[in-house]
């Protein structure tokens, strides 16, 4: 009974998430104005017919910038989570299954990576390497793969003790077959759930870096930098800050909710 | 026992050296030539001769490993080199900034810990009651709020709409409130969720049912549950200090709180590498030490060998 | 009936932290074709370790393992899997939770894809064909264990190593599973080593019994002898406890 | 012979659910003072849920019927009253030997908590007496240890001591020997019976092991799919069982061959 309710919740949230993705990816269709087109006449106009979210300090349409900004943030986040997920799971599985020296070395590296506070490293790397989304993504990516690696390793470790792995060994199956056919499918569910929960945190990290000016290079639209730019004249044109802030909040909440719901569903 | 302590210190030192090497290497691959930047930022006409003299003075000509060795030993002696921007020694600036950041960070940490602990215990005691549901929603939303977002919203509503606070923090107590609030809210959300999960998992253990079966009072049961969860909670707090450090950089920039975070942000725009490197080394060291302490504490609290 | 499986002077110890615990000390055993050898002992007696060592899943520190006279001491599970199979206590976890029963059993067939034989074995185990399409999570403990028996025979193994295979089952389900084992024994198709802590259960199905305590074999012999006139004190204690709880 | 005995527990028409699955349907059972009643059933028969219902565990939702202990209706008691009742009136011992105490805190400290929860003072002598009967040597050393350092057999004995220390009138045992080896289980059972005689406690023992029930039970109740299908004197039920399920259960138990 509880499972049905959770399933419904997951479906609604995934539809919302999908809607969000579609809106940002096909921003061109939805937003009429060009996000980077400045217009001296329309500086800081309040939300009206042709500028649904008003305009910012340079007269750019906030509505289209929010949509295009969404595309930058969300694609960067998904790419980063996907790469860390793939790298982390692969390394975690190999370490968990083989153990021994490989496990020792790789996990030591992971410990060292985890020894640095993520944001501090991100700021240093982005700061020294210079701006641009690539720098920010590398900065966050360095430490993100570790959480996937650790999760995958601990699951592989417990899966390896299961009887069906012993049965597969007796059936004459090789290590690679066992990892791909038996370990990976049973591993995907928990690690994917973790990926879902990482989306929210990554988005916070990325927009945080852009807010500090270490992420996106102006004029490309990105929620963090939009909030940072709009902050200076918040009294006169609050909409230039509030709409990207709202967009960030809603997106993060949707993905965190989805992550939570999937986790509860798996535990129920 | 001593063997364990020595082993722990050794790993600490090794990781710190690797940390410093990583930071130094980072500077090496950074685009642009620091000497050139220093000259231009001081408005000096850049000619080959002047550039070479500058590089010589900053010691940029020596091979990479030699420069790294020198830099490492100077750090151990507490000398973080001289700032590119104003030729002042970096160490005092960093430490002074660190002091003010500590004020901000520790107050936020204290505020968050106390509130989240009370909320977590309350929500576990009245599980699935209204209080529990409210706390769950609150902690969920606040955990999804990036601290730069909260600070903007707080600034908008409290400073502009209600005019309760000055927009620029003047470093006094009143100025401390908004930054602490912006730092604490996401932390409170995260702590409540993690502590609540820890308590609930402990509550589901057999010994809690055993104690209830003997009519042990709820007070004693909660004491045992909390006592057993303390080990994990220390680890959670230690990990959270990392995010707190990152957060304080953001908050200090927004509210112009003169801590180490603001210092490092200014030095990033000015490409002042020694300050950035000093920041990472100091923060990395503090973070490592905190995690080692948390590790020791959690082993002391739960001596059972790792199952 | 000549000896099909034998172990000589088997030793095994585990290192936990600094402490080294000796789990098997100079244990010998032998199994004749068509015979069922029972190994009884309490927890920590080493009976399961002996089985895992005999199966090739774990390597002994010293001693010899022979299959029809051929030494297979150091061989891997892949090699031992050609002539033996293991039945585990938790039957459900001996099948991959994400694969259907049919696919798991086919996997053990080392490439053999013979649906008739599979259906014949399923019928022999008194199971409905439909169960083959389901995943282990949808089957009861008893059904899973019977599927494990089907898998063992489908793989063509001559020897079955049963590690407390019915301890996790209810009495009635255990009786169902044991009926199948009895029928296989009567048809002379079963050579097995049956490990259990329940001496009454072992006495019902096994021709010979080996009693283990703290890693040693303290008594070994034909079932009527060991049950009727036990020599070792520990065996006596086991029989005494079982007799007190017997329903007669 | 049983009729004139004083009734300590009365379960009438109880239907209850555990984890939103209807597990007990209309069970009625009377338990008499001083007797040992064994409830035998397989997993999923609802026997453990019945024990949880008797000690008013909030994970069990009672749909109809009631449970009365002496004069109190357990199913209607408020949390505070249940807390007072459990421990000094109704005792509970669980299957997991390490399920009685917090594994990482000292045993004597936890005994203190139990005493103080019932307004009594830590009574070391009383504990040592019970340890003596349970064959626990060197009680002072044990009291200073932490449960995770003990073997299964010792932990279960200390759990029994913890239940008996407050002198409960009714003791509920939920599969307490299933996690122990047969020989240790028999010793623990005899020591438990010894304590029962000293304190004239009534015992409800839930087990799947019919043989164990035969050894210690005055009466045996057979439970199947949430119903009590048969309940009679231990010797009668084994000699000529009435219910079909009981017959099959008895025939399925492995016999020691070649006796």
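The chains carry the letters A, B, C and D, assigned in the order they are written, with residues numbered from 1 in each.
As a convention for this text, a residue touches a chain if its C-beta (ideal position, glycine included) is under 8 Å from a C-beta of that chain, and two chains touch if they have at least 3 such contacts.
Remember, it's a predicted structure, so these values are computed and weren't measured experimentally.
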Highest-count interface - the chain pair sharing the most C-beta contacts: A-B
Centroid spacing, where centroids are CA-atom means, of chain A and chain B in whole angstrom: 21
Chain C-chain D separation of Cα centroids, rounded to whole Å: 34
Separation of chain B from chain D, taking each centre as the mean of its C-alpha atoms, in whole Å: 52
For chain B paired with chain C, centre-to-centre distance based on mean C-alpha positions, whole Å: 56
Chain-level touch network, classified as line, ring, star, complete or other: ring
Touching chain combinations (by label order): A-B, A-C, B-D, C-D
For the chain D and chain C complex, residues of the former touching the latter: 42-43, 181-186, 208-212, 214-215, 238, 248-259
Residues on chain B engaged by chain D in the complex (per definition of touch): 206-207, 209-218, 220, 224, 227-228, 301-304
Complex contacts: residues of chain C adjacent to chain D: 42-43, 170-172, 174-175, 178, 197-201, 203-204, 223-224, 227-228, 237-239, 241-248
Chain B residues touching chain A - in the complex, by the definition given at the top: 15, 18-19, 22-23, 26-27, 29-32, 140-141, 143-149, 152-153, 155-156, 160, 241-243, 245-247, 249-250, 253-254, 264-265, 268-269, 273, 276-277, 279-280, 283-284, 287-288, 291
Chain A contact footprint on chain C (complex, rising order): 55-57, 76-78, 80-82, 84-86, 88, 90, 93-98, 104, 107-108, 110, 151, 155
